[in-house]
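Structures given as structure tokens follow.
What follows is chain A paired twice: with chain B in the first complex and chain C in the second.
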Partner chain A sequence: MRRAVGRYIVRRLLLNLLVLWIVATLVFFAVRLLKGDYVNERLGANLELSANNPVAIKQARHELGLDEPKWQQYFTYLGQLATGNLGKSFETRRSTWTELGERVPFTLELGTLIALLSFGVAIPVGIISAVRQDTWADYVLRGFSILSVATPVFFIAIVMTFFTLKYHLFTIEIVKSPHFWTDPKAAFFKYLIPAIAGGIAGGAGIMRLLRSQMLEVLRMDYVRTARAKGIAPNGVILRHALKNAMIPVLTVMGLTVSGIIGGQIILENMFGIRGVGNYLLYTITNRDYPPFQGTVIIIAFVVVTVNLLVDIMYAWFDPRIRYT
Partner chain B sequence: MGRVAMARSEAAAALPEVIPASARDRPAGRRALVRTARFMRKRKLGAFGVVLVIVVLVAAILSPLLQRYDDNRQFLARNPNYQAAPSGGGSVLAQLQAGKTANDVSEFVTERFQSPNGTHWLGTDAFGRDIYARIIVGARLAALIGIFASLIAVTTGTVCGVVSGYFGGLIDLFFQRVVDGVQAFPALVLLLLIVQVFKTPPLWLTIAALGFLGWATSVRVVRSAVLSIRQQPFIEAARSCGATDIRLMLAHVLPNVVAVILILFSIGIGAYILAEAALSFLGLGPQGVTTWGKMVEAGRNGLDLHPWESLFSGAAITVAVLGFNLAGDALRDELDPRLRGR
Partner chain C sequence: MSQGLSGYWSRPIRRRRLIAAGASSAAAAALLAACGGSNNNTAKVATKAAATAPATAPSAATAASSGTTAAASPTQAASPTAGAALPPPTGQKGGILRAQIPNVFDSTDVHRALGDPTLWTSNYLYNKLVMYANPDEGTLEPDLSEKFEAPDAATYIFSLRKNVKWQPPVSRPFTSADVRWHIERQANGKLLDGSDGGFTRQVFYKTITNIETPDDFTVKLTLAAPNGTFLDRLAAYFSTLPNKETTEKFEATHRTLTEEAMVGTGPFICVQLRAGQEVKFKRNPDYFKPNEPLLDGWVAPLIFEDPVAYRAAYLQKQVEGWGSPDPSQTKAVIDQNKGAMTEVLTGVGNTVALIINRNTQFKDVRLVKAMNQAVDRQKLIQTFHQGLGQNSGIVTWLQEGFAIPPEELGKLPGYRSDRNQELKEARDLWTAGGGPALGDVDITVPVTWLANWPDTPQIIAKMFNDNLGVSQFKSSQSDYNKDIIPNLGNGKFPHWFGWISQVNSPDPRSDLRNSFHTKGSTNYNKVGLLPGDPNLDDQIDKATTLVDLKQAVVAVRAIQDVIMANAMFGNITLYNYISRTAYWNYYHPLLKAQAAAGNPAAGFNIFAGHLLARYNWIDTRDPSYQGRPPASL
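Our next item is the complex of A and B:
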């Protein structure tokens, strides 16, 4: 069993590498398809770089490596990637790693809060809703989850913002960027609305899926046997039913992680959080290729790794799964 | 009722899936109506969803009739404070520089930020445009975008999924890796990239981009359905009768995948409406048209004073997606209960 798992992991890691290569290639050519490049965007913003100064424009392009033919740029890019070099930002001339390093803490703060809220709320709600099927609790919770699947995450945030502003609950800080470890009170209020909005949006799908899976499992014969054996009801639910119900839910949880990334882009933009999602928007609008490419690759790496972890966890949840 | 009739109807009640003998005797039109009524009673939530979908579609199709006003019309009223020859002296520019607003000095005033009233059922926005009219027009766009994007995604995805699942081997591996690559992108980023090819993305490009995004999911789902069908004995039987690959794919595999395709299509519509709303909210949506997402963003300023634009357009998005989701769920439960929760 152990050798099979090891071989499986190795194969998956190689496949992940291939997927990352595809992602890197796609993003490289996709950004170069976009109208305008960094030099065009900056024309006029810099006195030296005006449209009347073609020499300066040519030199700027040369400095940034934009005048080389695309294929040459591509191979340089691949070579850099192989050594872990994600390029330098055209704008700040700092390495992408540095830029990301400044922004990842913010995204992790919000992302962790959202993940905790969505899983931490969705799982108990799904269980309760299934165990107390067709009671008022079930109807209320189901109604809530159906509604939250249909509501866009930014609208949840807007409704919450509306009530906060109208009844002067607290001030929504957009400009400052507190961390939890520097200024916990300010950080709490800054992340409050986006975390709850993201948590509701992220947890909605899981709630519904877990409920339907639990319902299916609770009807199964082995659950009836466990109850007949005299195992306490909680034990039955948690040890027998939940483990089996979780398997497809795990897939959805893995997908939700990449959904959380997308939701982060919107929420970070709305609330002025200097995170990775906001950085993606900023760099692509300015046609600042290297940080954008690097960030996309990092995100893709996180997604495929999470999926791999989810697949490995399958084996823990379901011993019948063998890795061929 | 006679004893025979009672026994018949009892048997019919015991087997709800079988068309009761009494219904079989009715003409076909009545039978369809009976089946619809049974669907409505059995799946109340789905029926509610279908009602919402119908509301959205009616708003979309009949929008010129339902709008009441043109959606871009700026409502103007005469300014009671207007002075043709201002007593304070000076030109319009001087007055503006002295701190008066445009609405003070001009002859006509835009009826901005009105709360819902008799003339404007849902109020007006920052430019004095009627919100209700804009929401009705937005319904047309939402329906267009959702349905066509879903159509593109499902048709292209089915073709690739069937080919990939049926032939297997290198073709399958190739498609799978590409699908993995596309799905490893955060969805919004991919949309962003495709849509920004033009500085001002046209509507068709947004729909195509959404369709491309959904292509990956469709390929995955259809491929797994095809894989399970491929094992079935009737495929082998047909092949031993001399059926070509194309015939097998079209006449044998495809009809069995139709249920999956229908479900993908119906459930996808809600997802595409949400995705386009997110794009428009970020300002990257199709230019030149007014979508609900754009309205939510436009209404953000002064949310506590005049939330009408944001709240009503956001509610419209929620209602539309809710309707399509519920209807799609009910369809899925009808067509294949095994697929519930997958």
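Our next item is the complex of A and C:
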């Protein structure tokens, strides 16, 4: 069994490498299909100056390696990736790792809050809704989840922001970028609205999926047997039903975590959070290729890794699953 | 003499939307171009005639005076371009400003920076030999010099102030050697290692053929040819003087941001200039101008990518000013907070124009005149900018000192309010010039414009077809880098509608020379060379040698009359639009005119960041100051 799991993991890791190579290639060529490059977008905005200073423009392009043929740039890029080098930002001249290193904590803070809210609310709500099927509690919770699924996260955030500002409920910290470990109070109020908005949006889908899975599992013979054996209702739900109902929910939770790592682009931009999502948008707007490419690859790496972990956890949840 | 002038004199052509419209106050944040809206926000920026200048702001009505002396500033007696002395700063001292600045710095070396953010920012940290007293009119005042003279248009003498020191860690006196280095480095164009430095203004500085520094505080410059706009160039935002020692120290790493590389003589010291961090300035306690700066410091937060974030920060007083991409939203917020906020209107330097290529279809000037009269400027302002804009002639209204006054402009073809008359004449001209026989006429729109207003091609084509009573106009997409710029020199550029140049100077003579002199570097429409064209060379040559502003204004007006009578020879300037910014009342930005009698306040249209230290201040006694979060460096 262990050998089978080991072989499975090795196969998946090799497959992940292939996926990462495909992602790296696609993103490399995709960004270069966009009009303009960093020199055009940022440095050459003053066209007259550019037209009269070809030396300066040429020099800028050369410094950034943009004057090389694309195929050469590609192989240089692959060579760097092989050594873990994600390149340097055209704008700041700092390595992508340094840039991401400053931004990942913000994304993790927001993402952790969103995950806690999503899962922490969705799981009990999904259970309650299933156990109390067709009661007022079920109707209210289902209605709320449908509304949450249908409403875009930015809309939820805008409405919350509007009411907060209108009624001076608290100060939303926009300009500063505090961390929970440096200024917990400021960080709390900075992340409160985006975390709730993201949590509602992310948790609604999980709740609905868990509810439907629970309903299916609760009708199974083994659950009836467990009740008949005199196991307490909570025990039946949590030890017998939930474990099986969680299997597909795990997949969705894994995707949610991947999305969190990828950064909440909209929420980060709306609240001035200098996270990964905000950085992705900024770099692609300015055609700052290296950090954009590097960030996408990191996100892809996280996604494939999380998916692998989820697949492995399936075996723990469901002993019937064997990896051969 | 004018042969010495070169392409440097050309206005920059920006293809990107404006990222900093708050030219009147450096504290105005980056604004995005307005998106379509239906509110009727017709507004005009206070012009010279209408503005009432308060005691604390430079008078908008100040005209260039020749030889007059303000008693408080005897150094201006010999300055032919000087106006009345700037009023002294009178605001409350203290406080930390929080306002955005465009913060994409491509270099810490102002001699080599391609992007404007570095150059704009240098105006808070450095000084220039001379500076604009009124940037919209072009009147000058000494800056690093205490006196400047121009015995003739090819000779300029500067007497430097003796109490100027470089900021720490350099901390030595500023002398004429610094000026010599500043000029020679750019003129030579070489770095310390002998390689080409890509100095962006080398062409300009090479026109200085002799630099004399008889002592530490005197600089005499001799030009290759008479140039009456020389001082104007020295006063522009890109002419700040950096420090030799720090510039050379960081020469090889000029693209890496560090506050250590930005040492100047200016009112603020750069405390933090790092990638991905807020930009911070603090007061220079040894600044040579008394009582400046008023502010203790300035924190420029990172640019808000999302207008919702920016608005939320402003409403919570985490920044002092704000403008929405949709001006009607800004207006709504101001109206909801009457008595606590001030509305400021500022002209945006990106000029909108219709460029008709006369080398191909439009050789007959009657056709160009027809286009000039057929285009409905006011309708375009209403459609794209919600009425916030003003018609511009070949010299835009932003350049108040030289522009044709609005009441006179409104009598010229293309600018008259009687659209029926305009269209009748336009159709007659179109027919007489053989317009119908041209076949398809494509007025392209660059993609950068389309990013903001994607339905422009339909609007443009319909406008010309309807107004000329034809169906031959169409409009497609073009690209500045691929279609327009590479073909300007060979005369095969497409007709296009969109942004042309950024107005960087109140003095239009250089641009007029470039565009309408037969030897002009940007005379793409061969003005003066096509059959029937008047030759403006002599008029332009004479105008560009005039040092006295009053005389220059008269000369330029005569040139404009000819150009406007010929529909600008295809370089049909349409308008400059207006940005709307809201400020909390406790913050006093630099204004050209205060709000009065129901009119909003007006900012300077041309960059005036060098005046921020003198006039921007925070009033802690104002009721709106309540609830402002504390600010610190």
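In the analysis below, the second predicted complex is superposed on the first by the 310 of 324 C-alpha atoms of A that agree within 3 Å, B and C clash if a C-alpha of one lies under 4 Å from a C-alpha of the other, contacts with A are read in each partner's own complex, and residues count from 1 in each chain.
Here is the rule we go by: contacts are C-beta pairs under 8 Å (C-beta built on N, C-alpha and C of every residue); 3 or more make two chains touch, one makes a residue touch a chain.
This one's a predicted model, so the numbers in the text were calculated from it and none came from an experiment.
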Contacts for A:L209 in the overlay, against chain B (first) and chain C (second): which applies, first, second, both or neither?
first
Counting only touches as set out at the top, which of chain B and chain C does A:L281 meet: first, second, both, neither?
both
Determine, under the contact definition given at the top, whether A:L116 touches first (chain B), second (chain C), both, or neither.
neither
Considering only the touch criterion stated at the top, classify A:L165 as touching first (chain B), second (chain C), both, or neither.
both
In the overlaid three-chain picture, which partner chain does A:G36 touch, first (chain B) or second (chain C), both, or neither?
both
Partner chain(s) touched by A:L13 [first = chain B, second = chain C, both, neither]
neither
Now for A:I22: first (chain B), second (chain C), both, or neither, which partner does it touch?
first
First (chain B), second (chain C), both or neither touched by A:A300:
first
Just to be sure I read the superposition right, which of the two partners does A:A4 touch: chain B = first, chain C = second, or both, or neither?
neither
Chain A residues contacting chain B in one complex and chain C in the other 35-36, 158, 161, 165, 269, 281
Chain C-touching residues of chain A, taken from the complex the two chains share:
35-36, 40-53, 55-57, 59-60, 63, 89, 91-94, 99, 102, 158, 161, 165, 171-175, 269-272, 274, 278, 281-282, 286
The answer for chain B against chain A in the complex is residues 45, 177-178, 180-189, 192-194, 196-199, 270, 274, 277-278, 281-282, 293, 296, 300, 303-304, 307, 310-311, 314, 317-319, 321-322, 325-326, 340-342
For chain C, which residues are in contact with chain A within the complex?
6-8, 10-16, 98, 104, 106, 112, 114-116, 196, 198-200, 203, 255-257, 275-276, 301-302, 304-306, 308-310, 312-313, 315-316, 318-319, 447, 479-481, 485, 501-502, 522, 629
Contacts from chain A onto chain B in the complex sit at residues 15, 18-20, 22-23, 26-27, 30-31, 33-36, 146-147, 149-155, 158-159, 161-162, 165-166, 208-209, 212-213, 216, 248, 258-259, 261-262, 265-266, 269, 280-281, 284, 296, 299-300, 303-304
